[in-house]
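Paired with chain B in one complex and with chain C in the other, chain A is shared by the two complexes that follow.
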Partner chain A sequence: MKGRSISPVALVLVALALVPLLTASNVVLNFLVQMLLVALVAQGWNVLGGYGGQYSFGHAAFFGTGAYVSAILQMRYGVNAWVAFALGVAGGAVVGAAIGALTFRSGLRGSYFALVTLAFAEVFRILASVAPITGAGVGILVTLDLRPQAFQFQSRAPFYWIILALVATSIMIVQMIGRSRFGAWLVAVRESEDAAKAVGINPARVKLAAMTISAAMTAAGGAFYLQYFLFIDSGIAYGPWISIEALLAPIVGGVGTVCGPLLGALVVKTLGEVTKHVVGDAPGLDLVIYGGVLIVIVAFAPNGISGLLSHLRLHIMRLRSSAAERSHG
Partner chain B sequence: MAEPLLRVERVSKGFGGLIALDDVSLAVEAGRISALIGPNGAGKTTLFSVISGFLAPSAGRVLHNGIDITGQQPYLLARRGIARTFQIVQPFAGLTVHENIAIGAHRTRRSRGQALDAAADVARTLGLADVLDRPAASLTLALRKRLEVARALASDPELLLLDEVLAGLNPSEVGAMLPVIRAIIDAGVSILMTEHVMQAVLSLADHVFVLAEGRMVAEGVPRDVVGNPQVVECYLGRGAAARLAASGVGHG
Partner chain C sequence: MLSPTILVPAVLNGLLTGAVYALVALGLTLIYGVLHIINFAHGALLTAALFAAFFMHQLFGLDPYVATIALTPAFFVVGYALQRFVIGPAAHGEDRNILLVTLGLAVMIENGLLYAFRADTRTVNLDYAFAVVDVGVALLAVPRVIAFGVVLVVALVLWIILSFTDTGKAMRAVAKQKLGAELSGIDVAHIYAVTFGLGTACLAIAACLLIPTYYVNPHVGNAFVLIAFTIVVLGGMGSVAGSLLGGLFVGVVESLSGLYLGESLGQIGIFVMFILVLLFRPSGLFGERA
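For the complex of A and B:
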C-alpha cells in the first residue's frame, strides 16, 4: 500500500511539470499555481491534522507569518527576496513551535485545540491590521522588480515550477515521516495518547515537532503567495479563508494520506472555479460550495476521495474475482 | 537483602473523600509472576495507575531498583522498562495489528524495518501471527487483550504490568492465555498482574498480594493466601470463613 502510493504521485508531478511546455495560457497556469499553493498549505495541515490527529482551525497564523516576515524583511530591511522567503518559513516554524508549546503543554485536545488555534490566527490578524510594521490597514506592497534574483519573474511558468517543487518537497517530507519512527509515534498519539505514553512516547513533544513542521510548510505557502501576488494585508495573510482551505483540501482528499491534500486541492479549486463561471463572481459563494462539499464528504466519505478510491479498487477486485469464479463454475 | 525490582512504600491515594489506597506497601521480586488480587473496588487499578505513573499518590513512594520514581510521567517509566497494559483495552484502533506492536518495538528500535521485524516475532510468541494485517479495531476482545500484551512486550520491558488481561474472556480463551503469560516470564520479563479469575492466579502466580478496601490484607504464596480467613472474608463477607470451616468445606 505505502510502497505503491509513491509512483502514481511521482507520475502526476512529472505530468504537471510539463504543463507550461504545452500551454502558455495565463488562465490555466494561474489556476494551477493557486491550486498547488493550496496543496502546499494543506500538506502542512495534514502533517499535524492528518497524521497527528490535531485539527487546527488556525493555520492562517503560519501562512500569514510566512508572508509577513518575508514582506517586512524585504520592504523594511532590504533583505534579498530569496533569503526573506527562507526566513519567512523559519518564522512560521517558530510561531508554530510557540503556539504548540503553549497549547500542548496545557493539554488542549480536540475542539479546544481547534478553538485556540482559531483564536491565535484571529489575534494575529487584528494585530497585523493595526501595527505600523505590518502596514496596518493598508498592507504591504512589494516593489516590482522582475528579476529572478528578486524572486520575481516575467512569466508565470517559473512561479509554477517553484510552487510545484515546493509541493513535491512537501510530499517527500510527508512520505519520509510516514516511514519513520517519528511518523509511527505521531500516528500512535493520534490513535491513543494513553497507550502511546505506556510504550514510552512523550505525546506533547511529538505533537510539538509535528506542529513545527506543519507550520513551516504552511508558512512556505504564505511566503510564496507574497512573491506571486506582491501584496498582502491582514485579511489575506491571517484571514480565515486560508485556514479553511488548509483543512478542507485534506479532508476532501483524505486526511493522513500522502496525496490527499493535492487531490483535495484539485477538487476544491476546480469546484470553486466552475462555480464562478456558472453563477458569476458573487462574493462568498465559494464558501457556500465548500460548506456543502464538507458536509457531503464528512457524511458519506469520512476517508475522503482517497478512501473512496481504495474502497472502489477493493470492490472492483472483488467483482473480478467473483466473475472469475462464475466463469470457472 | 537485595533491593527488589519494584517497591511500593506506604502509598495512599484519595479521591476527594474516598480513600482508594490506604498505606499500601508491596515488593515485586525480579523473575517472578506476582499477582495483585482483591474484590471489585479494592483499589487494584488505582494502585496500578500509581505504579505506572498515570496517577500521582497522595502519600508514599514507588521505587524501581531502589530509585524513587514516584509521580514520574508514564512515558519516562516506560523508558525505564516498566510497561503496562490497560484493563479497558486501548489499541491504536486505526492501525493494523502489526503496526500496533511495531509502535511498542520502536521504543528501542529506530528503524521501521527492525521494529516491524521485532513486532512480527512478538506476534508469533503471542499467537497473533495470523492476524498481523488485520485492523486492530476488527479483533475480538480475546485477541485485543493479546494485542495489549504484545505491544507492551515489544517495548522490551523489565517489568510488565498486566491489568486484568483475563477479565472478560471465556474459559477456553483463559486457558489459551496462560501459556502465553508463562512464555513471557520464561523470556526473562518480570510480571505484576491484577486479576479477577482466581483459578488462573492460583496456577500462574508465584506470589500473591491481596488488596481489600484499599488496604493490603494478606500476601504470600497462592496456597497460603486462599486459605487465609481474612482473604475469604473480604471476598465472601464477614463470618464466611468461620461458616465454611464449620460446614467442612474450608481448605483446612
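For the complex of A and C:
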C-alpha cells in the first residue's frame, strides 16, 4: 500500500526532470518554474493546513521573510547567495515558530487563527514598506552576477532543476510526516484537539512543530523567488497574492494529501495561463478566476481533484466487479 | 507635545472617524453574532459599495446622502442573495468552508473591480466637502459630523430591529440556539440571509458617508476591514454595543498614533493592538465571553 502511493508521484517527478532535455523553450520552462514555486509554497501550507487543520491566511509572512532575509544578507552584508538562501529558510522557520508559539499558546484556532495570521502578514508588509533595511518602498534589487556560485544561471534549466528538487524534497518530507508518529499526532489534533489531549498529545507543541516545518518550506519558496527574479518589494514578498495561492493549490488538488499541492498548482497555473491567452493579460482577471475556482471546489469537490479521482476509481472498480459478477452468472 | 490645542481636535476627529469604523464593524459583528462566521468578503463589499456611491454621483449626479436611500436596500438584497444562494449552499455548514467561500468572494469582487476600473483612485467633488463647523475647541469637517450622527441613528435602528421586531427576535433566537430555533419553526436559512443582508446594508450606508471626504480604488476596503476586525474582536465578537464603543476607541487610537508616529506607522498601531487583543484577550475588552 505504502509503495503504491509513492510510485506515481515519483514517475511524474522523473518525467518533469526530463522536460529541459526535450525543450529549450523559455516560455515552457518559465511556466513550469512558477508552477513548481507555487507547489512548494503550497506544500508548506498543506503541512499546517492539510495535516494539522490550521487554515492560515497569511503564509506571505513566511514567504516574504525567506525572500527578505536572503536579499538583505546578500546585498547589505555580502553573504554568499547559497548561504543566504539557507539562512532565509531558517529565518522563515524562526518567524513561523514565533508566531506559532504566540497563537497556539493563546489557544487560537479556526477563524481566529486565520485572522491572526492575516494580521501578522499585513504587519510585516507595512514594516517592510517603511523600514530602510528592506529598501522601504523601492524594494531590493539583487546585483546581476550570472555564476552558479552566486545562485544565478545563464539559462532557466538549472533554476528549473533546483525548484523541482525542492518540490521533490518537500513531497518526501510530507510523505515521511504522513507515515510518522508525529503525523498521526497532527491528524489526531486536526480531527479533535480534546480527544488528542485525552490520549496524552500536547496539541500546542504538535501544531508548533507543524507550523515551523510549514514556514520553512514556504520561506524556501520566497528565497528561491528572489534568486529567480532578482527583485522583491513589500507588495511581492508580503502581499496577499502569495497567501491566496498557498492555500488555493492544496484545496484544489486535495487538502492533506501528499501530491494535492503539486496537482493543484498545475491546475491553477494552467487555468491562469489559459485565461491570459483567451482574454489578454488584464490585471486582476486571473485572481477573479482563482476566487471562482475556490468557491466551486469548496461547493462541489470538498476533497479536491484527488478526492474526485479516488471517487472515480472506486466507481470504476465497482462497475468492473458488477460486470464480472454478471458475466459469471 | 501634549498641548491640548492639538490633542483635543485630534481626539474629536478620532471619534468622528471611529464612528464610520464602528458602522463597518457593526455589519461584521452582526454577521458573526448570528451566523458565527467571519465574513472575509466584508472589505470587498465595502469597496463595491464605495464604487456604487461614486458612480451614483458620477453618472446620475446623485448626492451621496440621497444615494443612501437607493443603495441601502440594494446592498441588503446583494447580501441576502450572497448568503442564500452562494455562501450557504457552497459551505455545507462547515466553518472552514465558509472561511474559504467568503475569501473566494472577496478575491473575486476585489479583482473584478480592479479589472473593470483599473487601479485608479477616484474622488467625488462636492461643494460641502471642505465645510467646517466651529465647536469652540476645534474645527470639525461637516461631512464627518453628519456621518457621526447617522451612525448613531443606524445603531439605534439596528437595536430596535433586534429588540422589538419578530425578525430581530428570530435572529437572536438563531444566534443563541440554532437547532432550537429551527424546531420552533424559524426558517434558519432565511434568517441567516437577512442577517447577512443587514450587515451588507450597513456597508452601503458607510460607503455613502465616507465618499464625500474619502476616495475609492479597488483595494480601499482592505484598510477598513482589518480595522473592523480589530474593533469586532476588541468589542467582543457579536456585541453591537461593543463594536460601537470599540470603533470610537480605535478611531481615537489611530488619530493619536498618527499624530505621534506618522501615518504609515500609525496604521501599525492598530494591527499591533489587534494581535495583542487576539493573543491575550480574544473575548474582547467589552465582551462578556468568547
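Definition applied: the second predicted complex is superposed on the first by the 326 of 329 C-alpha atoms of A that agree within 3 Å, B and C clash if a C-alpha of one lies under 4 Å from a C-alpha of the other, contacts with A are read in each partner's own complex, and residues count from 1 in each chain.
The rule is simple: a contact is a pair of C-beta atoms (placed from the backbone, for glycine too) under 8 Å apart; a residue touches a chain by one contact, two chains touch by 3 or more.
All figures in this text were calculated on a predicted structure; none of them were measured in a lab.
The superposed arrangement places chain B and chain C next to each other on chain A without a clash. Taking chain A as the reference, the larger set of touched residues comes from C, when chain B and chain C are compared. Contact with chain C, but none with chain B, is seen for A:G284 once the two complexes are overlaid on the shared chain. Contacts of A:V199 after superposition on the shared chain: chain B is touched, whereas chain C is not. In the superposition on chain A, A:I295 contacts chain C only, with no contact to chain B. Here the apex is the CA centre of chain A, and the angle it makes with the centres of chain B and chain C after alignment on chain A is 80°, in steps of 10. By the touch criterion stated above, A:P148 is placed in contact with neither chain B nor chain C. By the touch criterion stated above, A:P8 is placed in contact with neither chain B nor chain C. When the two structures are aligned on their common chain, the gap between the nearest CA atoms of chain B and chain C comes to 13 Å.
Put simply, chain A uses no single residue to touch chain B in one complex and chain C in the other. Every residue of chain A that touches chain B in the complex is listed here, in rising order: 179-181, 184-185, 187-188, 190-192, 194-203. Interface residues of chain C, counted against chain A in their complex, comprise 37-38, 40, 86, 89-92, 94-97, 99-101, 103-115, 118-119, 218, 226, 229, 233, 264-265, 267-268, 271-272, 274-275, 278-280, 282. Of all residues in chain B, those touching chain A in their complex are 52, 54, 73-75, 78-79, 83-86, 90-95, 99, 102-104, 106-107, 109-112, 115, 151-152, 154-155. Only residues 53, 55, 57, 102-103, 106-108, 110-112, 114-116, 118-120, 122-123, 126-127, 129-130, 244, 247, 251, 282-285, 287-288, 290-295, 298-299, 302 of chain A touch chain C when the two sit together in their complex.
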